[in-house]
Structures are given as C-alpha cells and as structure tokens.
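Take a look at the structures listed below.
The following pair of complexes shares a single chain, chain A, combined with chain B in the former and chain C in the latter.
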Partner chain A sequence: MARVEINMGLNRVEGDLEIGVTLEDGVVVDARTIGTLYRGFEQILVGRSPRDAMVITPRVCGICGTAHLYAAVLALEQAWNLPVPANATRIRNLCLMAEGIQNDLRQTFLFFAPDFCNPRYQDHPLFAELMAAFEPFKGGLHRETLRVTRRVVEIVAHFGGQWPHSSYMLPGGVVTPPDERRVLACRAVLDEARAWYERRVIGAPLDEWLALDSAESLFAWLEAPARAASALGLMTRFTRSLDMHRLGAGIPHMISFGSWCDPLQPGSHLLPAGFYDGDSGRVQALDQARINEHVRHSWFRPYAGGRHPFEGETVPDFQPGGDRYTWAKAPRYGDRVVQTGPLAELLIAGDPLITSLHAAEGGNAWLRQFARVRRAGVELLRARRMLDELAANLDAPHYLAPPPGSERDGQGCGMVMAARGALGHWVKIKDGVVERYQIVTPTAWNASPRDSSGEMGHWERSLIGVKVRDPDDPVEIGHLIRSHDPCLVCTVHMLGSGRKLRFAP
Partner chain B sequence: MRHLICFGNDLHGDDGFGPAVCRRLAEQPLPADVRVFEAGTRGLDALALFEGCDEAIVVDAAEPAGQPGRLAFPDAEICAEDSSLPGHGAGVGYLLRALSALGTPPRLRVMTAEAAALTPFQPGLSPPVETAVEEAAQVLRGWLGAERV
Partner chain C sequence: MATLFWMQTGACGGDSLAILSAEAPSLEGLLAEHGVELLWHPSLSHQSMRHHDQLIERILAGEQTLDILCVEGSIVTAPRGTGLYDSYRGRAKMYLVRDLAQRAGAVVAMGTCAAFGGVHAAPPNPSDCIGLQFDKAAPGGLFPPEWRSRRDLPVINVAGCPAHPHAMTQTLAWLTTGLPLRLDGLNRPAAHFSSVVHQGCTRNEYHEYDVEETELGGRACLFFNLGCQGPLTQAVCNSDLWNGVSSKTRAGVPCFGCTAPTFPRDEDLFRTEKVGEVPIHLPLGVERPRYMAYKNLARAAAPPRVKNKKMET
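Coming up: the complex of A and B.
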C-alpha cells in the first residue's frame, strides 16, 4: 500500500486557505482545511461604537460585503428593537440579490467551469464545446460573464454609492430612497442580465426553468437542443460524465438562516430558515441558540467544548507543532456538523426540483454547482419583484429615525444568507460600546476544522474517498474544492513533492 | 478623462509602492481630467475603474530582480500574459487580461517599481523603493502634464 503524507508549509502569501490531503493508493484518506490567515475583525470592533460595525464589517469580504452589512445592521436593530420600513428591506434585499447573482455567475463560469479546459479532457467528446464556452478570456461564456457580472453590481452602487465595501444600510433603514430614475436604471441592468441568463445559461425562459419540479422533468427538458447547448446543459452533461453526481457529498446535515427578510412581515423570510437533518431527511425550525463554535483544533485561546457566539471570543494563540491547524473555528449546530450554501438554501426552502434531485441522488458536487446556477435564476426573479414593489411604493419611507434613547446596552444577532450560505453577526453592547462581536461566516461552517469530538468539517469530509488519477495534476480535487465556492485563494498541498496548486478566486 | 490606478498592499513592505505613489500625487495639484484611485488588492471589481476614461495608467510593485526601486514601464499586453506581479491573489495580470477580453480597453500605460524583497505583514517601504516613489511621482506628473497646473 502506498501511503503518502503531505508536506505542508504554511505560507501566508500564497493563499489564505490551504487544504492538505493524504493519499493511500491514489485515494484520499485524510483531509484538513487550514485557514492560514488570522483576520481579527471581531477584536477590531471591541470597544468601538456599535455603528462602526457597518463600516468595518463590509470589509471582511470583497465579494459579499452587502451580506455583512445586512447582518451587522440586523444585529443592531434587534439589540435596539427598531422597526424597519418595508422599502428599506426591499432595497436591502435587492442589493443582496444583485451581489448573489454576481457571485453565482462568476463562481460558476469564471472559477468552476475553466477546469473543464484541462488538457486531461482533450479526448472527451465535449472538449471542443467546452473550450469554446469556458476557456479563460477566450471562451464565449467566460467573456460574457465578465461583462454581465460587472454590470449587475451597479444595482448596489445605485443605492449604496459603490460596490464592494459599501455602507448604505443603517439602523432603521437605508440612506437612499427609491426614485423613478434609480428603479428604471436597476431594471435595465436586471433585464439585461436576465435576457443573457435565459439565452446563454439555461436556453429557455426563466419561468419555464423555475417551474421544473422533478429530476425526471429536468433530464427530459435538458434533451432539447437549445437547452443541451446552453451553459447549464453543457456543464451538466460534462460533469455527470465525470460522475460528479456521485462524488463529494460531504456532511448530510444542512443549515439556512432564511433568504431575504420579508418586507411586510418582520421576522419572516421570503425563503424560510431551517435545519435539514440528514439522518431523518426532515427540515426543522432553526434555533439560533443551538449555534456554537469550537476551538479545539484552532489557534485560539483554548476553551472547553463549544460556545454560543454571544459568549464567544476570538483571541489568537498560535500553537505550532501540535494538533491545532487553522485560524478558523469550528461552528456546530448543537453537536451536528453542517454544510451551508445554495444547495442548503433551496433544499430547506423546499424548491421542488432541488428536493427531487437530492432525494434521487443525495448531495454531491454536481448538485451543489447546479443549485448555484438555479439560485441565480431565483435571484433574478425575486430582484425584479423587489423593484416592482418599490416602483409601486415610491413615496413610502425608506428610513425611520431611531427614537432618542433607543441605542441602549444589550445584545442582538443578525442572520442572513450570503452568497456562500449562512452568515451571522452577534453583538453585545455594554456602556455604549461593543463588548463582544462574533462573526460566523458561511466558509467557517463549510471549511471548518475538526471540533472537540474530532468530527471533520464539511469540506474535509467531502474529499474522503476521492480517487486521484494523477497526483501531479489532481483535477478531481480541484473540481470538488471549486464546487464548494471557496471564498479565499485556496492552495491545495499534495504529496511530499512540495508541489502546490492554487485554486483562486 | 484619464485614470491613474494604483495597486498594492501597504501591509506587505514594498507592495505598498502603488498606494504610496497614490498618496504622493494626491498631495499635489493635478489636471482636471485626471482621477487618482488607490485600488489596493481589488480583483475583478477594479474593472469599473477602467471605465469612463480614454487612458488608464496602472501603478504597481514588481517582483525583486536585483535592482530595488528601479522603475519600469512594461507593455500592458506583456503584463497581461505574465501575472507574476506579487501579492494580490489573482493579480493585476489577470485583471488586464479580463479587461482586454471585454472588448476595447482604454489606452493603457503601466509603471512598476522593483521590490527589494517580498516581506508579508511588514509595513513600510525599503529605502530604494521609498526613493522611487518620488521619482515615480515626477514621471507621472510629466505624463499627465501636471507641471503646467
């Protein structure tokens, strides 16, 4: 038996996230995800004015700053018990959807699909088609995605002045009212994105695609020439020919914080929150009190077991040489390891097609990517609805000033579905300043290290059992890692050769 | 309009060349048709900075090659092929390739200063690169016709 251990150097320049794998006879038998960068955003916030979170936390990420802003403002509104006008929620939702469309399309066509152009596949019958579509900077889909995604975040700029790192939400609403000019400008951007998505991504009208409700109807639908030639059709035919619908399931349990606050029913979501129990196959109501984070395998000041974010701390404590291996914590739901992202979001919300596919084949790398393409369609539809509702209520308020004395000490949490899944901010305010601030990102859930019981995180689990044909070009691992939408430049270490492979965005 | 777009990270030693040039130029009067941007380590979203201008000037640090602080003016097409400019994940080269894939980019000029060494998480420029900031600012003011302002 050939067992190959990994030679793992932690280089902070090359990547913020590394994955070490051990192969035995060409099969992955162990995996570790390593966050190589201590970020420290929570520590930055301690002692500051609570409102500073709305300027500082959108800087956590250059892709999903709107989601961080949204979570930060919800946490303060909960702590201060502030009402939010419907138009503010509509504008927040619209911008979060635009950011999601940007991410879902870029991740799919700029980061996931280019791996299909690997010379490994040059004898595959679809190779010429794949190159014509997905070859970086040359393929039609690649170039068009660059153009469309550059435009779609202009929606955020119309209301937030800039994207990324914008700070246009504040407790009680948003800074910019809707007006006809903004609504029309956003409609134009959205209509263009939708027309492209229909023509090139799915090869069909959006309503027809979203109405598909079963695995059988999907595969029959994809047979038609226009759909088979679409980006979704091509990607599906190719990835399923690689058996990616049988690979990389990872952890069966899933979590969603609910997508987009309901403008008219505070506390509810347009797509519901929930916990999907992978053992029973049932969705349960989400109980945020069950969320806790472990640091047993992380470089933070040790504490026993898991802590709820309201009681959490993020005190760096680098301890090389032992069994701690990452700057990421291990979030858990109760004692369950979970995954999150578009698949979790749509499955928990009861999307009939995703539910049917999941029932037929279980979770897998193809379905994860497929769900991301489908969510972009859901976002296009819902964003248009937000705009229509704004257009019908142009004179309604976009901001309700907090009454004097409302900014008191207390605690609050803000939970949203970001592009990559469940994102939460937890804040405790004492003597008018932040006493504790905890951020649990989607990637913290998915790329989690082992917890106090030694249970692997989702990405780690998803790699176990993968067969690698050529350890010098482990394209199988690349497909799997990218299907998770890694949020940081991700380096994978293989073997003892010192060879590193980078999987960026 | 002309856009001066400076890339780099102040926290990584000489990778802070671009931001330092940006600050130096921002202290001085510039022609009305010039806008100066500090683009940091931004990725594809920096494409927006190349819109709405006839000419874009990119300023960045270059890898160490034995002559720290040496200014160079590489062809934008060559930069696009060689994304080895250090420190920004996908890199400025990737960005320039994306820009040209999108259609007709503005006229592009590139200025780099050679780093003394790659020093992650150590703020502050090395002495030769510090000197190069002033030299670069003078060259750029010449390009921009700022002496006449």
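Coming up: the complex of A and C.
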C-alpha cells in the first residue's frame, strides 16, 4: 500500500479561527488570520478505497457537506472517465442548492445579523427594529430562519436520507431516482421557502427582485415601504449607515469554479466559472493548472514557492512564536491572491445588478452580504427548475453503474461552488487506493495567510485601515469578517491593551 | 433553569447544524419550554468573545453554575500530548474541556468524535484524537473510566456522525428534569441506542427474502454486498426519521455505523466483508448456521414483487 504524505488538514473550517490585528491609534495596520486547528483529513484518506472519500470528506464541514460530496464524486468521475446521467446532475444540483439556501439564510440571519444587536448600537435609530428582527431566539427573523432552514434541508433528506453528512452521490450518479412523491414533497418545501423569502426577506415577488439590473433601480426599489421594512431593506439601511459599503474591499481579484453542472452539457456550468482580474476588470477562463498553495507562513514543513494540489505535501511542523502563524495554507491563482464567495460567483456569472453595484462602489462588506441574499433568490429559482426538469423526466436513469475495470488508477479533480465559494478536491489513485488527496476549501482562499512573497490573504487585506473603537469588543472586525461567511463562527480576538496591540497568540 | 455551555473541539460543526433540525423538542423549545439557559454556543451566541472569556473565568471560579457542558468534536492531543494542534488563545482546548468538565453537573459528548474519537481518529490519526471518556471502544479517554461529573454521571455519549437531532435535544431535555437517565454499556442514552437502524428500514422486506443489491442505486437491501451496517448499529435513524422525512438506508445509502466506537471502520466502507456468500458480521446477536438456513429458505419464498424489485422504498 502506497503511503505518501499529502496536503494539509482542513483546520480552516468551522470556528477554529483567530484573527490577530495590530492597531495604531485605533486603526488596523496589520492583520493575521490564524487557523488554530489541525485535523489531518487528507492523510486519513491515504491508503483507503477511493469511494470512501464520499463518506470521509463530507465530514470536513458540517454546513457544506453536500458540496464536499459533490466535489469528491466529480474528482472520481474524472479519474475514471465516467458519464453522468442528466437526472443525477439535476438531483445533485437540487441538493446543493438546498444546502446553499440553508447556508445563505443562516449565515445572513443567524451569524451576520446578530452583531447588530451589540449594545454599541443601542442609540442607533434602527436599534429597536434590529433587536425585534435579529436578537437570537427572540427576534422574529431569527426564529423564522430557524424554522424555514430546518424545512429546506428536508430536500437533501428526500434524496440523500439525511442532512448533514450523507453519501448519496456516487461515481456514475445518485442513489435515489426522482418519483412523484419526492418531487412534490420537495416542491412543497421550496414553495414555502420562496413565499417566506418574498414576504420577509425582500418584500417583493422573486421575479421582480431578480429582474433588477442596476444600482439606481435597486436603490429606488428599496424605497418602497414593503421593501424598506424587509430584512434586506433593514440590513441595507443599517449596514450602509455604518459605511460598510465603503469598507472591507480586500483583494480585488475573484475566482469562481462555476455553479451547478449543466445536466445536458457535461463540463459546463449553469453559472460559468472564471477568474475576475481586478486590475483589468475582465473575466478570464479558469485554468485549474494555475492553482497552487504556499506554506511559507504555515505550520508545515517548508517548501519553496507554491505547489499545485496534485503535487502538494502536508507534513505538520508546529513552530509557534516565529513568523509562521497558522494551520491554513495560502492558495494562489498563478501569483494572484483572490477572494471567493457569492459576490465572486455572481460577478463572474455576469449578474447585471451585482455587476452594476460593483462598478459603482467596488467590492465591499455590504455588497458581499447583499450578494449572499441575492444568491438565495437565484437558488430558489434554479432549484424549482431542477424539480420541474426531474418531473418531466421521471423515467430517465439516475445512475449508470461504472463498467467493470473502469475504476482504474489515475488522477482527477472535482471543482464546485460551495456556499462559501470555490471548493476543489484533487485525488490521485494508485494500486486501487488513494495515494494523495488534496482539498482546497473556499475559506482557505479567503482566510489565506501571507504567501512566499509576503502577500497578505484576502481577509487580512480587507481589515487594513479599519477603525476599531473598542479593542475589547472589536465589533467592526466582526462585521467585516462575517461578511465573508467564515465557517460558522469566527473567533475575533485581540490581546493586550493600550495604544498598540500585538498579534494573538 | 439549567445552564448550558457548548464548546467545539476538533469538530466540523455537524452536530451544531444537526441540532437545528430537531423539532421535538427543537433547540428553541429547549430554551423556551425546558428551562435551558444557553450560556454560550459558538455558532449562535451573539455576545462578544470577551463575554465568552469572562463566562469561562466565572465558571472556573465557581461564580457561575454550569449544569450541562456539551462538547462537540474529538479531543485533539497532538503534538506529543500537548493538545496544541487545537488551541484557543494559545492554550490547548483539551485542558479547557477538562477544567470546565470538573465544574459541570453533567457532561454530554455531542457526536461520535467527542464520545469515541470519531472520524479524526481514523488511521493514521494525524492529530492523536481521543474521546472524552473512551478511546474508540476502549474505556478511558481524556477522563478515566471512573470519572464522574458533579451529578455523579459519566460522560453521556450522544453518539452519531452527526448525532441524531432528537437524540441530542431529548437527552438535554431529560437532563433538565433531574430524573435518572438510563445509559447503555457505552454510556449512550439507552432510549436512543437500544434499537438498530435496520428496524424501520423500508428495505426490510428485501432483506427478509434475501434480495440483495450488488450495485448502489437500486431498491433492495444493502447489507450483504454494499457495506450496510444497519442490522448491527444502534440508532434511531429509521424509527425517528432524519429531518422528519427519511434515512440514509431508505434513500439507498448504506449505514456506515456512525454511532459505534469503531466508526469509521478501516475496511472499504461500501463493501461487505464476507465468508463465502454471507457477511462476516451478522445482525446483532444472530447465529451463523441458523441465519444461513433461514436465508436459503427465504430466497425460495420470495414473491415476484420482491424478487423483481418492484417496491418503492
């Protein structure tokens, strides 16, 4: 059995993140994102049956396991050159969209918005309204989000048996075909979610909202009383009053791996992949060969420059106290630092409203959060289309068993847009078992540390220049980091006191 | 009121997400109807980290009562027993867990990672993970087997990857009553770990007549060839459906035995190890010769609707 050390543990998920910042006169002049957990997921896969990736990798992340499953299965299908029936792709997409809706609503109303209930804002004219909406377990929107998202993940359970952590996609398809019962049960969930989204989140019909195509039309549209009172309206009024549309731009370059495989055109996506060059303002075709990871500032055995995931290595080398400060690697696209997430996804796909807002105000914390709310609408619309297509093709195959001998040695990559952005799995198979497994998560891109040439990661860059009023309760940093949708919770903390604060730990 | 502090160690957050799917009671219901006061949850609390740190200080100083400590995630002990692969503010989280547990009325391991080590402890166990009071199936983890919390309870193992939403909320609700909580031999709440996943599986009739799939994607039983652990695994998955609608085995995904201390097992997870045509590991408590005799008869008795796999599952 071949055992080769491979790339890193996925500490970069789920709450195990600390941010170290240096303040001078209350302004952030330096920032470091610190991944504080090493689990070694990729090493666990080495030597195992390749299919086990469908059980092991969803457990990398409790909130986006469907995305990991999708990426794992695509990597194996590429390695084994397997066709995928259209219905299997539709079901995979439907489930990924459901997980995405769940994420986008929970991130917005359970993780991002509760910061508005900080006593800091008790004199703000909107404070009473904010508390009534977002106070955990008491606010109306908080409670309704718990109820609606609980329903939305039922869609994954109808086809996968449970959410989170199922393994219902497999090389060649999915385990369960559509039938009238499943289609209609999912339809009922979607209809309920859509009605709530229209009534409470945007205060308008979905089609009308998705048809908005310019910054001017949006701001005029938001003036109407129903929209102003909606969650989107309230959040927009409040966050813009904090100037969040001028803060937290971070890195101008963006990356998307493309959203939802096209059921009828293998290899292409319903929303296209691409690299947005922040210097030229142009979208270029994505070339996965340009992806590479650096470890210069990470707790891994050093190597020079960046390595493509197929060639990566992960040897823990824990040396606290020096200039290496995290368990996260630094992924780069060529030599570019990039950001990823719903803003990147919709901008690269050419969403007219997002393109217009980005042109008018640039990337910023408000726009990132706004894009996430908008994507939930796109997902609601697209999920319905997937269901309708399934209904029209109930008898088409959902699974094509791999022909004997197809599960051969080789390599493959699976790339998807998870809720937080670009997610890739790279697998090498030798002697019938996993020789290497490499995962680059969305948060790895966004929470990247400095690279070999000392370039900061996106979150780090987005914090520079931010004014922090109370170093003991740096709510400004909380807003900005949470606008990037860090995995679940992000531990923002600072050490020391006085004029100059040093990094943690 | 029962105060509750939830902390995550080497975790994916799946148990925190799963508990949001509970309905009877829901997490909100635990707070509103069962007198749980949520002091802290890393994903849901909106107070500042300063508040979090002060809360811990007050609990450790005995100024804040801690009735229930929930731990989600493996206990990371690497490198070399320092636990620093999982730290908070430069301190190993395993020590924070240990200190808080000494103050807690009850300690609940939420999920297989906290109970037994879980997926992170799979070979080669890169971060030297263990459970709170077990190391895989062996008694003794972060705490020795004889350790007891303030209410004289061992660590309560709400196993599962993730734990079933109702196994979590119902165990917590029961703890608030002060009534005795019945546990099984692995310190799992007996009510949620006494039936097997096979019970209530809609593929049961296929198993009954020995109609077994050799490929995924079909309607029949997954036990003989595709690695399903349903007949061996104690959990409520098919008697209290996931997300209120289904289960992995109903959908056609093998049960991977995620509530067991050995999860994930070392061999191929989608293949059943067999002697001849019969699985090495038989349904819980079954004798091999009798089982084989029964299977041979069952196959001959199978009606066409079962043999031809005409039944929706």
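Going forward, the second predicted complex is superposed on the first by the 478 of 505 C-alpha atoms of A that agree within 3 Å, B and C clash if a C-alpha of one lies under 4 Å from a C-alpha of the other, contacts with A are read in each partner's own complex, and residues count from 1 in each chain.
The definition used in the following text is that a contact is a pair of C-beta atoms (placed from the backbone, for glycine too) under 8 Å apart; a residue touches a chain by one contact, two chains touch by 3 or more.
It should be emphasised that the depicted structure is a prediction, and the values quoted were computed from it without experimental measurement.
Asker: Is A:137 touching the first partner chain B, the second partner chain C, both, or neither of them?
Answerer: It touches chain B and chain C both.
Asker: In the superposed arrangement, does A:399 touch chain B (first), chain C (second), both or neither?
Answerer: The second partner, chain C, only.
Asker: Is A:153 contacted by the first partner chain B, the second partner chain C, both or neither?
Answerer: A:153 sits against chain B and chain C alike.
Asker: Quick one: classify A:190 as touching chain B (first), chain C (second), both or neither.
Answerer: Neither: A:190 stays clear of chain B and chain C.
Asker: Name the contact category of A:383: first (chain B only), second (chain C only), both, or neither.
Answerer: Touch status of A:383: no partner.
Asker: Looking at A:62 after the superposition, I want to know if it touches chain B, chain C, both of them or none. Which is it: first, second, both, neither?
Answerer: both
Asker: More chain A residues touched by chain B or by chain C?
Answerer: Of the two chains, more chain A residues are contacted by C.
Asker: Is A:429 contacted by the first partner chain B, the second partner chain C, both or neither?
Answerer: In the superposed model, A:429 contacts neither chain B nor chain C.
Asker: Between chain B and chain C, whom does A:164 touch in the aligned arrangement: first, second, both, or neither?
Answerer: both
Asker: Can you list the residues of chain A that meet both chain B and chain C?
Answerer: Common interface on chain A, chain B vs chain C: 13, 62, 106, 110, 136-137, 143, 146, 149-150, 153, 163-164, 489, 504-505.
Asker: Under the definition above, what is the set of chain B residues touching chain A in their complex?
Answerer: 12, 42-45, 47-48, 86-87, 89-90, 97-98, 100-103, 118, 120-121
Asker: Quick check on the complex: what are the chain A residues that touch chain C?
Answerer: 9, 13-16, 18, 36-41, 43-44, 47-49, 51-52, 55-56, 59-63, 65, 106, 110-111, 114-115, 117-118, 135-137, 143, 146, 149-150, 153-154, 156-168, 170, 172-176, 179, 181, 185, 316, 318, 320, 327, 398-399, 401, 472-473, 475, 487-489, 491-493, 495, 504-505
Asker: Going by the contact rule set out above, which residues of chain A touch chain B in the complex?
Answerer: 12-13, 62, 106, 110, 136-138, 142-143, 146-147, 149-150, 153, 163-164, 489, 504-505
Asker: Can you tell me which positions in chain C touch chain A when the two form their complex?
Answerer: Residues 8, 10-18, 20-21, 23, 26-28, 31-32, 38, 42-46, 48-50, 74, 76, 78-79, 84-90, 119-120, 122-124, 126-127, 129, 161-162, 215-217, 237, 241-253, 256, 258, 264, 268-271, 312 of chain C touch chain A in their complex.
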